[in-house]
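Heads up, there are several structures right after this.
The two complexes that follow have chain A in common; it is paired with chain B in the first and with chain C in the second.
Right after this comes the complex of A and B.
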């Protein structure tokens, strides 16, 4: 446990040098303020300007989902970038043969940041939410967002073998978050084309206020994680 | 000749690392979005998509490109070869512009945008500006996370005025802001001549600055000052 903690602290020190630690901690708060205070203001201005009863407010639930996904996606993305650099510089391999071990390395790089992201979301979402969400719903959303962050990190690590490919995959993998918008915009059965995307079910759970869809999203995310972990281990046999 | 070889090398490099595949997938996704949005939203949506992604792709990828080259010790080879920094930069800008140009052409055709030639010229100019800015940032960084942080202020300064300008929420004088001129062109509108001159001047200034940055990077390659 001590070596995992030291490895995690080592990553934090590395991120602190880059100012990324500061940015990763500050960004959820800044975005939270923007969502909570600027968007309703913008809604008032727009509805007055266009003489319409609502413009953005029907999508407040979607904004809450995006906020729940933000911290985990950011923390896991930052960790994935550090891991890609360590892979490129071949330092990861050397860490595996220390008492840290392979498992300890991944716990320090993804396990601890994910738990931290979950806690940050559970604390910040009740403060910055725009739609009426119960606490149990907030916990479910935070869990879904965290698992999705892990999926994004695993996609980056599985589909890329260096930092450049990692950036390309990042661009594609973050698009899976936008499945959450589908139930808000496509009302007919065509929306089910995107059923393999867990974010689609998260969007549906909030749009239809049905927690059952949230459990489906968590189940789907777990399947994605198992599948990606299997592929990741297969691809990197001998490397990791 | 040297420029041609560098350009070819950059194109091969981008193909090898999946840029063409990535942008094929992204173009399909963007095309789907353009088909899904109502007819009267298409032009503006296409302009936003073109300006924020294919035109600005350098802002996303240049850090990784230069860091990967550093980890493969390519700058060491450039530092002792007859390649000039201008050739290196022009090859990078042209290869990324080529992808931006193709993606923008497809999206503009799908959205049935007016003045396709202006849209494409605007895309090439925007791509040159963003790529040069990202070359300057990328030569100064040591990690991907650092590059991402460096690009945040660039994105704020470039995207916020451009988006406001697209929706006509900016004062008239901001029409001459070079980035807004690019946005206007990407939307299919002919910009004022003075605006075009402003963009060309900006590109020239950025080229000089990026040349200095690349030279500095090559001179200090390998951890020692050459």
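Right after this comes the complex of A and C.
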């Protein structure tokens, strides 16, 4: 465990030299402040201006979902970028033949950041949430968001072979988060077209206040992770 | 230190390494010589536990490679042909990070940097290093945890003659400290100078295995070539071990008529070509 911790700390030290990735780690706090303090202010201004009772507030639940997904998505994106860079620089290959081993390497690059993202979300979401979410809901959302972060990281690693490609794939893979918006905007059965997206079920769980949908989302996310892991191992046989 | 028995490995359905057997004793420098794609690097990957889907047996330091645990790597140091450093970190930061991954007390970083002439560049980012500097840094990274087995892949590749000499001296110094060294190369001079024994690898098979001296001697003695003038320049050769029977040469020596005389020993490359029908270069 000590060597895994050291490898994780080594990654953090490396991030200090990459301002883009370092900023990505701080994004959840900056965005949290924006969501919590600017959006309600904006809502007040807009409702006064248009003389309407609500404009943005019906979507506060959606904003909370996106915030729950943000920390894991950012942390896993950073881990995926570091992994791609370590693959480019062949340092990953070297780390596999140290006492860290291949398993320890992936635990330090994805396991620890995912757990960290889960904890950060559980801590930050109650501070920055806009809708009345219970603690159990917050934990479920954080868990769903964390699994989705792993899906995003695996998509980046599976579909790209270097950091440059990784940046492009990140933009595409984060789109899967926006399935959460569908239940808020499409009310009829047409919304089920996007049923393979786990974020759709997370959105539905919050929109309909039904935690059962969250379990469906976690099940779907697990299937996505297994499928992507299989492809990642197949594609990178001999690389990682 | 290393026992390999009937080792076979394949990336596809075609065998890539087939039926390889050899052993390496502690404190020995053992060279793998062969052209690109012969299977040298694959064999090294098997021995350092990177490829575990091989058949039969490959035991390193008493551990079957496919059953290695993290402790297996406490006593293995690998110097790949390419740089395996974090480019954005300094040399010192890289060495500190990698040495922290081992249980063993690391060798002094400053001392190792000084040995390869990088002491004044310790705080420079690796991205600012030249190819030769990176090669030297890579080499000392493999020594950090004082491993019993060193696997060196083309350690002198890309080095100028002075640094190449320094690197070879350091390899011999490590041998003197009791390390076992696996040297993968297609540089025959390096192999002849450094290795106690070499294995010629072609097409995933060992074609010959012996000390460089024995392999060279197996081709026969060196040849002596001499020239003399008789209206025009003439040239003749005879094996070194038959020199006393060469009447022509004896006569030329007695008459002081030799224009030139030199001996030429076969090189490892000659032996390699003889045995495999291929060139190392």
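For this structure, a couple of remarks:
As a working rule, the second predicted complex is superposed on the first by the 233 of 240 C-alpha atoms of A that agree within 3 Å, B and C clash if a C-alpha of one lies under 4 Å from a C-alpha of the other, contacts with A are read in each partner's own complex, and residues count from 1 in each chain.
Heads up, the rule we're going with is that a contact is a pair of C-beta atoms (placed from the backbone, for glycine too) under 8 Å apart; a residue touches a chain by one contact, two chains touch by 3 or more.
Owing to the predicted nature of the structure, the values given are computational and were not obtained by experimental measurement.
Once chain A of one complex is fitted onto chain A of the other, the partner contacts of A:115 are absent, as it touches neither chain B nor chain C.
In the superposed pair of complexes, A:212 makes contact with neither chain B nor chain C. When the two structures are aligned on the shared chain, A:123 is found in touch with neither chain B nor chain C. With both structures placed on the common chain, the touch criterion links A:30 to neither chain B nor chain C.
When the two complexes are overlaid on their common chain A, residue A:13 makes contact with chain C while staying clear of chain B.
Once the two complexes are overlaid on the shared chain, A:226 sits clear of chain B and of chain C alike. After overlaying the two complexes on the shared chain, residue contacts for A:89 are found with chain B and with chain C alike.
Residues 14, 18, 89 of chain A are contacted both by chain B in one complex and by chain C in the other.
Taken in their complex, chain A has these residues touching chain B: 14-15, 18-20, 23, 78, 81-82, 84-85, 88-89, 162-168, 171-172, 175, 186. Listing the residues of chain C that touch chain A in their complex gives 11, 48-50, 70-71, 73-74, 76, 78, 80, 82-89, 93, 97-98, 100-103, 141. Those residues of chain A lying in contact with chain C across their complex are 3, 6-7, 10, 13-14, 17-18, 86, 89-91, 93-101, 104, 238.
Interface of chain B with chain A (complex): residues 17-19, 22, 25-26, 29, 36, 60-61, 63-65, 67-68, 71, 143-146, 148-149, 152.
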